[in-house]
Amino acid sequence: MTDQPHSWPRYAKEITDPALAHEKPEALDDLRVLDASSGNFAALFASSILAEFGAEVIRLEPPGGDVARLFSPQGVKHRGTGLAYLVEARNKRHITLNLDKPAGRELFARLARHVDVVIESAKPGQMDAWGIGYRRLSAGNPRLIYLAFSTYGQFGPKAASPIPDYDITNQALSGTPYTTGEPAGEGGPESSVPTKQGNWMAWYVGGGWGAFAVLAALIWREASGQGQFIDCSPAEAEMRFTDYDIHWYHANKRIRERLGALNVSVFPYTLIKTKDSYSFIAGFSDINWTGLTNIVGRPDLKERYPTTKARIGESKLLHRELEGWAAGLTSQEVLDRVQDYVANKRGPGTVASARLNRPSDTLGETHWWERGVFERIGDPDYGELLLQAPPWKMSRTPPRIKWACRPVGADNEMVYLKYLGLGRERLQALKAEGVI
Amino acid sequence: MLLKCDKCGVKNYLDPYPFWNFKGKTKCAGCDTYYAVEIANGSPVRPAQPVGGTLKDPDLRLPGFADTPDFKPVTGEGKTRPAPRARADVYGKPKPVVRNSRGRLVAGRPLKPEELVGSRARYIAEGKEPR
Amino acid sequence: MAARGKKPNNQNARPPKPVANPDFERYCRQTFSPASTFAKPEVLKGYRVLSCTQYILGPSCATYLGELGAEVIKMELPRRGEPMRHSTPGNEGFLYPLSRWVPQSGTGLGFFGANFNEYFISMDFHRSEARELMYRLAAKADVMVENYRPGTFDRWGIGYRQLREINPRLIYVWLGGFGGWGPGRVRASYDILGQAQGGAFSITGQPEEFGGSPSKHTIWLADYWGGMMGALHALSALYWRDNVSGEGTFIEYSQVHGVSRQLEYALPLYGRQGVIRERWGNWDTELCVHGIIKCGKSSYPNSDNPQEQEEGYVLISAYEDEDFARLAKAIGQEKWVRLYKSHDARVSPESQREIYPALEAWAKDKTKEQVAQILDRAGIITQPVWNAKEVAGHPHWRERGSIRWLDDPTYGDVLSQGPAYKMSDTPPRVKWALKPIGADNELIYGKLCGLSAEELKRLEAEEII
Amino acid sequence: MAEPEPLKGGRRGRPPWPATPPPTPDEVYGSLAEQAREYPKFLESIVHPDKTFNKPEALDRIRVLDCSTGMIIGHWASSMLAELGAEVIQVEPPGGDPLRQLTPFGRKEYMVKDKQRGEPVGLHFLHEMRNKLAVTLDLDKKEGREILQKLATHVDVIIENAPPGQWDKWGIGYRQLSKLNPRLVYCWVGQRGQWGPLKDKPGMRDPVAQCASGFVHATGDPKEFGGRPTRSGMWVADHVGGTAAAMGIVAALNHRERTSGKGQFIEATAAEGIIRILDYNWVWHGMDGSIRPRYGNWDLAINIYAVNPCKDGYMMVGGGHDRLWYRIWKTVGDEVPQAEEEIIADTNLRNISERLPHTRQVKTYTLLCEWLKDNTRAEAERKLVRQEVASGGVMAIHEVAEYPHFKYRKQVAEFDDQLYGKVLVGTSPHLAEKIPARLKWIGRPVGYDNEEVYRRLLGFTRDDFDRLAKQGVM
Amino acid sequence: MSESYFDWTRKLFDRTRIFDKPEALRGVRVLELTTLVLGPSTADFLGEFGAEVVKVELPPGGDTMRYVTPEATYWQNASLGFFPTNHSKYHVGIDLHAPEGKELFKRLAAKSDIFVENFRAGTLDKWEIGYRQLREANPRLIYVADSGFGQWGPFSQGRASYDAVAQTVSGMIGITGFPGRPPILCGIFVGDWFGGLMASTAALVALHHRHKTGEGQFIDFAQSEGLIRSLDWTWVRHGLTGQDRGPAGNRDEAIVPADFLACRDGFVALAAGRDEEFRGLCAAMGSTELAKDPRFATLEVRQVPANAGALLALIRKWAADKSRAELEGLGEKHGFACCRVANAEDRYRDEHLRERGAVWQYDDPLYGPMVEQGPAPKLSATPGRMRWAAKPVGWHNEEVLTRLLGLSPGRIKQLEEKKVVGRWADRPGAKPPDQWLKAHEQK
């Protein structure tokens, strides 16, 4: 089917194949971004997105490099840089500048006149106190879009709280961990607790929202000619994603609690243990539940639990029934049976299933490689790296990775010369003064 | 250099580019007296001396222009050097051009209404608008 | 000369008939045909340019914008108009309008070429009532071009500082000699002063050793080209205003500065080595053979025009080794290949002093066409030095519309240059050559300032316009 | 104002530039009344080059691919765009543009070397490489052309100067590239044009265009002064045509953004640039068949407006209208009264246009030189400027370089380049309050930015670079 | 700049003035044909910042999410799960299986700027309202196809996907939770939500490109690929060292210390990655020796697993007898990060979030007072906003079909009779509140 000349997948691949991305134009190649954030992967992800779409992102670090270069599992370094930073430095130019010094702040203000977007993650009010906050910069460049990240935001009763911005605290505030994890009593006291996402989810969500807001502001600027100030709290960013938690409390004064692998609204939408691993399985609407009971060979369950309400009420029992069925099957066999039913339309309903993947399993699946989800980059400074590619396939202006990372201050000469006209001697002097 | 002829009073203009540094003969445009002149950096090295000569002398250079004490120009073949000319007949006066080089109407000088036969301009000149 | 006597009028010729899959030249002819110019849009349609300019530098800047379709309004002092109207070669050629201005005022040919497509109004800038008119015009304009001495308009209350208050989107282009600040700012300038002080003079002309003097470029180069630089900057400012910022700006162009920008390697060479670049006549300092030589015979010995009686000159270019070898062979100097093995050997001053005289000696009994023909056959690059008549009559320039007959509504049938470059979709164009002083007073003041006929009459009587 | 110091230490040997420091603002304005100081100070506050880098660039968002080689016209056009802020990528064949090898009289010691690779480059080329990125690409090879096609989707402007129709035949001409990138502005530059009877005549470097446009014939001393047709010392037709090309390109960009969303095809030639600005040549010829003659350093259409010899060189004096005419003669009359008397008494010189015939110009300048021969350029200028007459000497290059006004305005300035060290340059004359032109770097060695450009635009990997280098494509 | 920074920001972002300000995406029309969370949120985010969103559902049942509500309890006949992804939309019920329905739909697409769908790959193409067809009708259209596995590639065909499928296949579940324990699902539909955000971001990028060129384009977004992108250093480490990443509980492996701590009245999250923050924490713990301990002195040594374990044990012990508020106060005082692990009530009652509009209260004409999560980023000039809550199936039929397509009421009626255009079914989730129904029956 995939290879028929007029088939949809073949056509879709032809127009969006990321292997051809470099032959197409970039959507944001008219955008210039100054990322002055420190130790903050929300900001780094925001500027990564813009950079993937072609913006010229100038990443500003203090002399010696940003602390974000140190955030790395077990302190592992690759050519002097932590692993996490290697992922989010893509397509960026790297310059150094010491904002602790007045001369550094002066240069920052001058650079900001040349860019469309400034991104920072300092404690609220810090940049303003230094005279390089939005108030001052927008006077010199009214078209500037200024994006600031911090946990409690730039205004509100707690905004002045001087705590640094971290993923873990942002996750905690967002409410997600409270609803994630084993219910109290199901496991030991160590593990039946609110659980955070293993990755830096709140930082990634915050960065995504930051980039979204910059783009919205950019579209507004096309209409109005005016830039603006964007206040993005990664905690609130992930909070926006917390389903109906607030609604439920508002409607029924109910607090949503942890349910392990179950879901409070539907069943089945759950992970089940299989012979070799775990599988996810879903078939929660009435018709899909019919389909699932057909696959499992238990039409009686459909008879006994015909409504969502009935299924949620007995979800633990039904979960055991499903695990009983799966105990003799591998995860792949579960998936094959489901796919056989769904793809060959052996009965009503659509059931979804998936094998639980460790990251190494994900890497082992050809689907991702075929779709260019992972890329092995031959970076001029950092050698071969395996990176996750930008997640979008686009027909005209696809995103792309051009390089992975640059050493600290690698682009000083080019950037300072190009935008500020600082020649070699001046740069050397500034370096000696510790400004860059 | 200005060479005023002692004999006839005509002012001969020895213009700067040909004569700035020059040693040879020149000739008064008024009375055809030949002069030996030597000029260095625009100034005569010694006063001009009348000498004999002919138009064929290899070291003869005619003045660029000459005029009489009452400002009548003295020019012409064998009198002064010819001007750089854009065409054969050059006078230094506005030329009565009505037709251009391909024979169509162009106004090179004030036109009389009768010259504007059939033109829109003629109607305007006569105070009438063509219909 | 293929073109002698034949003078096609290309502006009115029909465009070539489009064919499917034309070969490249045909495609170009279709695309750039001067005959289809007027069927295409103009880039600057809807933009308005005020031009308070005189001589060439300022006016040409405005007219380049006019060629691209801007509505250029040229303001002159009432009655006398600007000085270039009185400037004409040898006092011989004047244009008199075929219109109601007959027969008062003639316009010198010097005015031609720098004032295409403009609307002409008159205004006495000194008068306070004129100032009000200027404000009303500036409020509706996109570009202002001005080349009075620096500060003059400011003093009169119609400079950048005043007009930007009225119209913050205005792009104000000031062009002049030495710029408005710095020790030399008070100096007035003309084209040849720009050429002289910018350094162009000192590297042009025959060298001292051949009795030459520093020479000017015959055209008012620093003016006409300077205007082009001003127009380029103004266009860029328009781009920036309309696509990026919405803001106007002030542009300062110093023509001396422009000329010194053109000096090629002269300044870096001086800075590095202390070597002062000098004149090198008709030869080239960096390439040899790449120079103009004199041919002994005139191409038109029987012409009565002294310009045509003169001996011919031709450019010979053979600096690559193979070309040079062919040249040596063609003129019977095979030993040159041995003598001047490399380009470095050929290009030294000593070699040049030997090679070019030898070439001239060889060309002594030939016309420039004969030289060109012989060398063309040998595969060597040549270009005869053409005079105005040869250029104007050459079918290449005629077909390309670079020189064309222009049916000017006011002055009749005049031969004119076309725009300097060709564009496929929005070609620049010459619509009319010029108009008499104040020709468009009614139109412009009526349209933009809302002046009634009576007000116009009064202002005219008071010599404000 | 200080006179430029005469050059010490002969013609060779590194002069300490500047010989005298540029004047300070105090020296320039200190002696002026507050009122007289105010306007130049205002101008300085808005256009002084020191403030350039705090300002935006007009063509900041434009990317230009300059594929022209061996010809200054294309480089000049892209220089103009680069100075105004465009990102210009200069494409050279592997080994570099042949113009890199040009050096006066073949003197290798006049070339400069970059600090990284020590690759010599001629000053002429370097002067027009400013602000550009240097990449190499062999368009003679099919792979090179394929890469060019890919680059074309990423750029706003392409400039090329291949022989007429060459790119079209290769499948990378405007007809084909505009299909890949309809927004592309494509500009062909050359000496005489890519269509018309002369299209196939070879000759790519000025002064071909100077000869073919009527410029050379009309420049230099007239035969009557012993002169001959003269070319410009500079490749001036390339400068004019290149500026015209840049103008057309920016106009096309304006049209694209404002109206059509599409690019277009532009053609600019050096000869037509000159033809356009050869003032009244054509209208004069069309009227009565006149062929413009050479007129040396005098002007056919204005008197007084000429350069004539003086005590220490050549002196320009200009005064096109009556007011200045009489002021000039007054100045002359202070020292050579008979010259002034002669002029004043001659009724033939009363009217502006009557001063124009050649004979009157001879008289005028002969008498003017009676005064000039005893005055140096500086003396004459001082006396004439007192009368507000535009005047000035012909300056040699060292005088241009050292002229205090130019130094003060940074018109001639030493630029400290990362790669090439200090280079004395003519800076861009595009000054402005908001979008001034600027100099960011002087130039780059061959292929210096390959990595940067190809990786950024086309995502090349090291394997690609190795492969293409092996194939000789870059 | 005499005004203090926080006075200035308070005024700049003043929640009460949001509706006085313009919207960033005003004039952009989004057409959506989506169900569940991924697709609807894509459109919803654009709507939050000013786009006009027209949501097309198949009548009479509509979006499946209308029936996903906690413990199957409906509120005023509405599903709580349907609200968070459907703000300020126009709800239209069109049967796309009917040829006339397709026609209506194509006409809507011709007038839209962005189209969002999340059917399985190729479904709309089969229905002849896919990209290939809509592009003909509207070359400026930006077509966003959301899916689980993408529009092409081995998994793309016929495989259904939900949020949790993406969590499962991407490896996300594999790195979350505690080692040795059964895997858990993320409490929220994180793959859907994050996917919606990524997809809408790409739509904005395409909008910017269209502004320059006038061209629309096709965007293929797979939610599992979005999650893969978010797994920070997982892949690069695998590529360099071959190490697989497993769950590590609540402690952050790259930033030490960073962990959840059980305290007297709940849980807090604590982080002190930079060395000066760590010294602040030591000061709060009253232990200056700790800061000097060579095992803990710098971030790089703290990252060594043995050191990290020892350090976190000390911190846990220290925190156990303190309250959440106490610990948060110490964090503010000493400059390390410490925040409570918040539940719904904590957030609902939080003054700070209320003032920022992160918890957004408004009055819906149909449902009365609503409290929801507000727009995430705060824009000073063009803030996002919630205008009205989700509506029953086909609620805006007349409005949209008349205003956009110029259909007469008679024609709409005709189409309703043919069942091409339809409204809600008589069941909770699809229909309006009983009160409303009663009021309208009386009329």
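Miscellaneous remarks
To keep things simple, chains are lettered A, B, C, D and E as they appear, and every chain counts its residues starting from 1.
Following the convention adopted for this analysis, a contact is a pair of C-beta atoms (placed from the backbone, for glycine too) under 8 Å apart; a residue touches a chain by one contact, two chains touch by 3 or more.
What you see is a predicted model, and the numbers here were worked out from it, not measured in a lab.
Annotation of subunit A and subunit B: jointly contacted by C, D, touch as defined at the top. Among the other chains, the CA centroid farthest from that of subunit C is the one of E.
By number of C-beta pairs in contact, B-C leads when B-C and D-E are compared.
Farthest chain from subunit A, judged by C-alpha centroids: B. Annotation: 52 Å between the Cα-based centres of subunit A and subunit D. Here the CA centre of subunit C is 62 Å from the CA centre of subunit E.
Subunit C and subunit D have centres, each the mean of its CA atoms, that are 13 Å apart.
Multi-chain contact residues of subunit E (touching two or more other chains) are listed as 212.
Contact with two or more other chains is made by residues 25, 30 of subunit A.
The set of subunit C residues that touch two or more partner chains comprises 89-93, 95, 213, 244-245, 305-307, 405, 413-415.
Every pair of chains in contact is given here: A-C, A-D, A-E, B-C, B-D, C-D, D-E. Note for the complex: subunit A touches subunit D at residues 21-26, 29-30, 91, 110, 113-114, 140, 377-378, 380, 400-403, 413, 417-421, 423-425. Of all the residues in subunit A, the ones that touch subunit C in their complex are 143, 225. Remark: subunit D residues 221-226, 284-297, 308-309, 311, 339, 342, 345-348, 353, 356-360, 362-363, 365-367, 369-370, 372-374 touch subunit B in the complex.
Listing the residues of subunit B that touch subunit C in their complex gives 17, 82, 84-88, 90-95, 97, 100-102, 104-113, 116, 119-121, 124-125. Of all residues in subunit E, those touching subunit D in their complex are 212-214.
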